[in-house]
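Take this structure first; my questions come after.
Letters A, B, C, D and E name the chains as they come in the text, with residue numbers starting at 1 for each one.
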Amino acid sequence: MGLSVRNVTLVYNAPGGGVLPALGPVTFQIESGSFVSLVGPSGCGKSTLIRILAGLQEPTRGEAFLGDIPISGPSSRVGLMFQDSNLMPWRTVQDNIALPLELGGISKQERYAAVENLLPTLGLSDFGLAYPGELSGGMAQRVAIGRVLIQKPEVLLLDEPFGALDALTREQISVDLLEVWAQYRQTVLMVTHDINEAVLLSDRVLVMSQRPGQIIADIPVTLERPRCLEDIYSDVFGKTAQQVRAAIGR
Amino acid sequence: MGLSVRNVTLVYNAPGGGVLPALGPVTFQIESGSFVSLVGPSGCGKSTLIRILAGLQEPTRGEAFLGDIPISGPSSRVGLMFQDSNLMPWRTVQDNIALPLELGGISKQERYAAVENLLPTLGLSDFGLAYPGELSGGMAQRVAIGRVLIQKPEVLLLDEPFGALDALTREQISVDLLEVWAQYRQTVLMVTHDINEAVLLSDRVLVMSQRPGQIIADIPVTLERPRCLEDIYSDVFGKTAQQVRAAIGR
Amino acid sequence: SAQTPTDLTLFMTFIPNIQFAPVYVAIEKGHFSDAGVNLTIQHGDEPDGLNLIAAGELQFGVIGGEQVILARANERPVVYVYEWFQKFPVGVVAPSQNNIVTAADLKGRKVGIPGLFGASYTGIVALLAANGMTESDIQLDAIGFNAPEVVCLGGVEASVVYINNEPLQIQNRANAGQCGDTTAVNVISISDAADMVSNGLITNEATIAENPELVRNVVAAFDGGVQDSINNPASAYLFSALYVENLLTDEAFETALKTESAAQDEFLATNPDREAIAASRVALLERLSEQFDAETLVQFRVLLNTIDLWDADRLGYSELASWEVTAETLTTMGFLQTQTDLEAAFTNDFLPAE
Amino acid sequence: MQQSTLSTILNPIERDAGAQKLWVRRFIPALVMLMLLLFWQIVTMLEIYPAFIIPPPIDVAEKFYAVLLDGRLWLHTQATLSAVLSGLGVGVTLGLVLGYLIAKHPLLEDSLAPVIISLQSTPIVAYAPLLVIWFGSGPTSKVITSALIVFFPTLMNTVVGIRNVPRPLHDLMRALRASRWQTFTKLEVPAAMPVLIGGLKISATLAVIGAVVGEFISANAGLGFLITLARSQYDTALVIVAVITLAIIARILYWLVTLLERHVLAWQSRARTI
Amino acid sequence: MQQSTLSTILNPIERDAGAQKLWVRRFIPALVMLMLLLFWQIVTMLEIYPAFIIPPPIDVAEKFYAVLLDGRLWLHTQATLSAVLSGLGVGVTLGLVLGYLIAKHPLLEDSLAPVIISLQSTPIVAYAPLLVIWFGSGPTSKVITSALIVFFPTLMNTVVGIRNVPRPLHDLMRALRASRWQTFTKLEVPAAMPVLIGGLKISATLAVIGAVVGEFISANAGLGFLITLARSQYDTALVIVAVITLAIIARILYWLVTLLERHVLAWQSRARTI
């Protein structure tokens, strides 16, 4: 299940009046099963692009495709993680994570078993019964990660999934993510601000320009798979990261 | 105006019943005019500590001081930036940034002049009239930064101020922050997940343990001031960063 | 009296209505100011008004007789000083095709009633009792003040109503072909079966004790208004129109009434007797009916019907017997548990000399 | 954790304060009622107004006891209560359903507002003839008056509650392809709950007065009827007995809503910091 | 940007759709009213009920014209309108103030709830003698009935609105050492605004019926009085004229609140995505 966009543009009403071109035109293609990162300056339209691919927003012009099918709305094959953790404050951690399963009609027992499995990975073992109001920022984000992982979707759209996490947790969870990915080979598009993370995890890094965001670089990462944290110190890594940094700096 | 805490502990009610020790005991001191970073795993109590220092929350045990005075509530000399951008959705960007001045009784004209000065630094020149709902995640965070900078407080408490920003914007804004700091020499305590950032900006880096967070390392940064981005490639920098990383990894 | 006039509030139930014509007439013709009284009218709910009079907040009011008995039984020191309605105004109306002509015909029938309280309830119980029946012999149905609508749509077979108003309304609807099969109505007057006290002027014991002269003056003025209304309904109607909305929507009608009023004054100058005056009212209605439609005349006809309830040989005079019948009825209804001194409930002492 | 719904305090140290608060919260209302009673007693003792306008508490208590014993109070209470409950049921259901539809389709608000506002702002007596014709003197018309008064606050608060459900959570539900029904039960209802409960509190209270108004228009049983009857019999103590009974009904309904509130909004107090 | 308050659409392409919607939104209400009128005409033409129960629209229109011309309608409308506005003013003010206090001090809710609920759930007629003694038969008692019915929904929605102000924003205000008054005006009022406006919409509508109920109990002017008068004279057309006028008053008040809503909640529609 690949992803592609063709000449996608999005225009908002500007605050003072007039129009605000927020994104595009962008055109790119993500092959099925590949892991692609998206980096770019704040406000350049990354989240907007993710929303379009998730079928939450229609582009002003252009078209987006999931496989060969034009995207006209959310698909059950796509898992989306929002930039905010976006939890339901009246649900406990376990019920927040289990929400996708609950909506899918999975039995309570199965749901809780699945959550129980996931909680240690997320570092939330003691917090299944906590409410979002009782969590720290990073813990809330981990709940949101759990909510998308539990769906086991074919396509993952991740909008800054590790933004609120400390370096260690971040590395641990991204390695976990890589493992999951190695196993299921989902198509992943991940927005991140961390260049190292982008290079370490991805097959390709897309670099966007200032608003209205356009793809100004499409940098392949040739590091071998499976990868481990130590690859950071490899030559290929250093060069690729340098390339990305250069592209962003343009 | 220094900051110090003595044996500060905070205990919450635990989700399932019982108690949840969230922080401490911690004891440390920050001299007036120094820039200190606080790093530590997600959920270890960093935000809780910041809230205690801001006078928003009373510690269960122990005491916190602003200068020599025990903290019993928020002080006008302290500027606090929350982990969430925490904007008022019914206020435009400029009115959100101007809020502290408005509460301080500053005239409309002066307020807007001050905001006008700040907007370019924040990269929000065209967005003074936008509402928070019309901003990207990083833009909202920049508004929150603006709201704390406009106060010109003697003490700055910053809870992951640059978490949602891309690398470039982040660097640019932290350099701006350093400049402001060099000029006014506020006392700064900043929570961050980015070790490079911590080392580059600070005089000292405090490292916290897992929950309940305790100070497990207090690492001085001996880099000369004024600093610039290139210092990252210096030896001292590399060593200090290594030290911090090691402390966290413990 | 040459002093400054006493300010007085007269309590009356409900809202301004053509049936209060005597009060309007008495004010407009100066009977009250002649008596040294500057009168204002206050309308409201009957129990409220009675309580206010009993509490001394007000001094005079127009209240039903059965209310006075009940109130006195519950320690309200009010006294009935002028029996305005000589006939109990409640009755039962039924479309003629329902063949309800006498009280006995009501047996087993569905009979509407505004509610199980007040004058209509007292009235129907008295009527049934006078005919050897009880409430359980008929099907009473609380319908609020909606008798014409409910009767015309056949919701009930008969209804307890005020005989001066609703039968007329129903008849008018029937004449307009808007009342189902009904072409005419039968009316059973309760006053034919049982002589009960109805609306009259009341005051409180304190006023009687402290200011009997005032009571006498007010009664006199009130009496003047009643007498004038009986004598010249056209004039009474014109005065009432100053107080009651919606009475004079037709200018031709107003002109006609003015003419009739003047003519009646001339006729009255000849000192006609009671029968002659009654006849003049009938003749008046006939003349007006030739010129004006039913809708224009309806309130005037209500006035004429009501005058029949007031008219008597001695206006304002109250008989102990009627109080006894009323009290008996209230006891039957279970509203009155204790024996009360009925003679203290009313007095004819303040009536003008004959 | 039994007291977690009441105490919003999270620090164990402050738990005692919470327990004390709980005690005060139970005690104060009783104290207020006692003071009102005392005030009443003093007013009657000062004889500012005659006893038939404000009877002394003891008279009312005696009357209360009497009508309680002879079963009349219970009879009328039953009649009113059943009208109140039906009215509440019908009005709240209609309010919720229509409120939800209006929240979702602003056009519906424009179309229906004139009709709904008319219904709300015009007195039921104006329609009394039609009501009596259609429903007779049975309990239906009181159910209608009760439902009618309940309907609008429920509707309005439903509209407000549903419209203010956070947009990002709606996006989440859309992204998860939640059905309409799922979005309704799992997002909109819980998110709107605080406002809905507020509406329910208004409704529970107004339902009582609604039924009473219906009983004023035409009825032969119920506490509203009892008031009319007692008034016509100049039995002020009985009027007050009926009024107090109405207040008790309303208080109980309100209290039930509060119980519901504590149950469904428990998370709010859990999640609060000091 | 003139249409920004109405159109929630941000994509320029969809602006046309927004404009079209605007047109529909103006048109539909009129259409609904027209259809109701038509329905009414048909009902009377079918003669399901005699004309004195449901008079044809033309009769009502004639009556309307007549009472408009002779000035009576305006007189009564004025009387009612001034009671409604005063009632609304008093009730809303009391509701806001007390609601705010209750939201801030839960103990106050416990203490006052019994009193407030009693006031709300018991019929005003039960207190009529006292009201007349205290306030005479002037317009005061209608102002009171109107204020009373308005008071509770305002209070309740104030409590809900103020209690649901996001805690982090409260922390922000505390950290900025905002005064109580600043917290009130700059945080609590705007944050609670959607719920407050909802309460105001309920209040604006109920105020009208409140005043009318007052006029039923005792009055010598006002549309409620006109209804009683017309009913006593069995003038159904006049009853309907008064009822329609009441509905119009309520509609206008509601519309004024809607204007206010558009003004103060403009940011909501601005900030919305498709």
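Here is the rule we use: contacts are C-beta pairs under 8 Å (C-beta built on N, C-alpha and C of every residue); 3 or more make two chains touch, one makes a residue touch a chain.
Predicted, not measured: the structure shown is a model, and the values here were computed from it.
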Busiest interface, counted in C-beta pairs: D-E
Taking each chain's C-alpha mean as its centre, the one farthest from chain A: C
Mean-CA-position distance for chain C and chain B (Å): 86
Rounded Å distance, chain A centre to chain E centre (Cα mean): 48
Cα-centroid distance, chain C relative to chain D, in whole angstrom: 42
Chain D: positions in contact with at least two other chains: 49, 53, 125, 129, 133, 167, 231, 272-273
Shared interface positions of chain B, touching two or more other chains: 12, 84, 131, 133-134
For chain C, residues contacting two or more additional chains: 45, 51, 55, 145, 149, 153
Residue ranges of chain A in contact with chain D within the complex: 51, 54-56, 73-76, 78, 80, 82, 84, 86, 88-91, 99-100, 102-103, 131-134
Residues of chain C defined as touching chain D within the complex: 45-47, 50-51, 54-55, 67, 70-71, 73-76, 114-118, 140-146, 149-150, 153, 155, 335
Chain D-facing residues of chain E, complex: 21, 24-25, 28-29, 31-33, 36, 49, 53-54, 106-107, 110-115, 117-118, 120-123, 125-126, 129-130, 133, 152-153, 156-157, 159-160, 163-164, 167, 194-195, 197-199, 201-202, 205-206, 208-209, 212-213, 216, 224, 227, 231, 239-240, 242-243, 246-247, 249-251, 254, 272-273
Complex interface listing, chain C residues touching chain E: 14-17, 42-45, 48, 51-52, 55, 57, 145, 148-149, 152-153, 169, 173, 176, 178-179, 244-246, 249, 298-299
Chain E - residues contacting chain B, complex: 168-169, 171-179, 182, 186-187, 190-191, 193, 267-268, 270-272
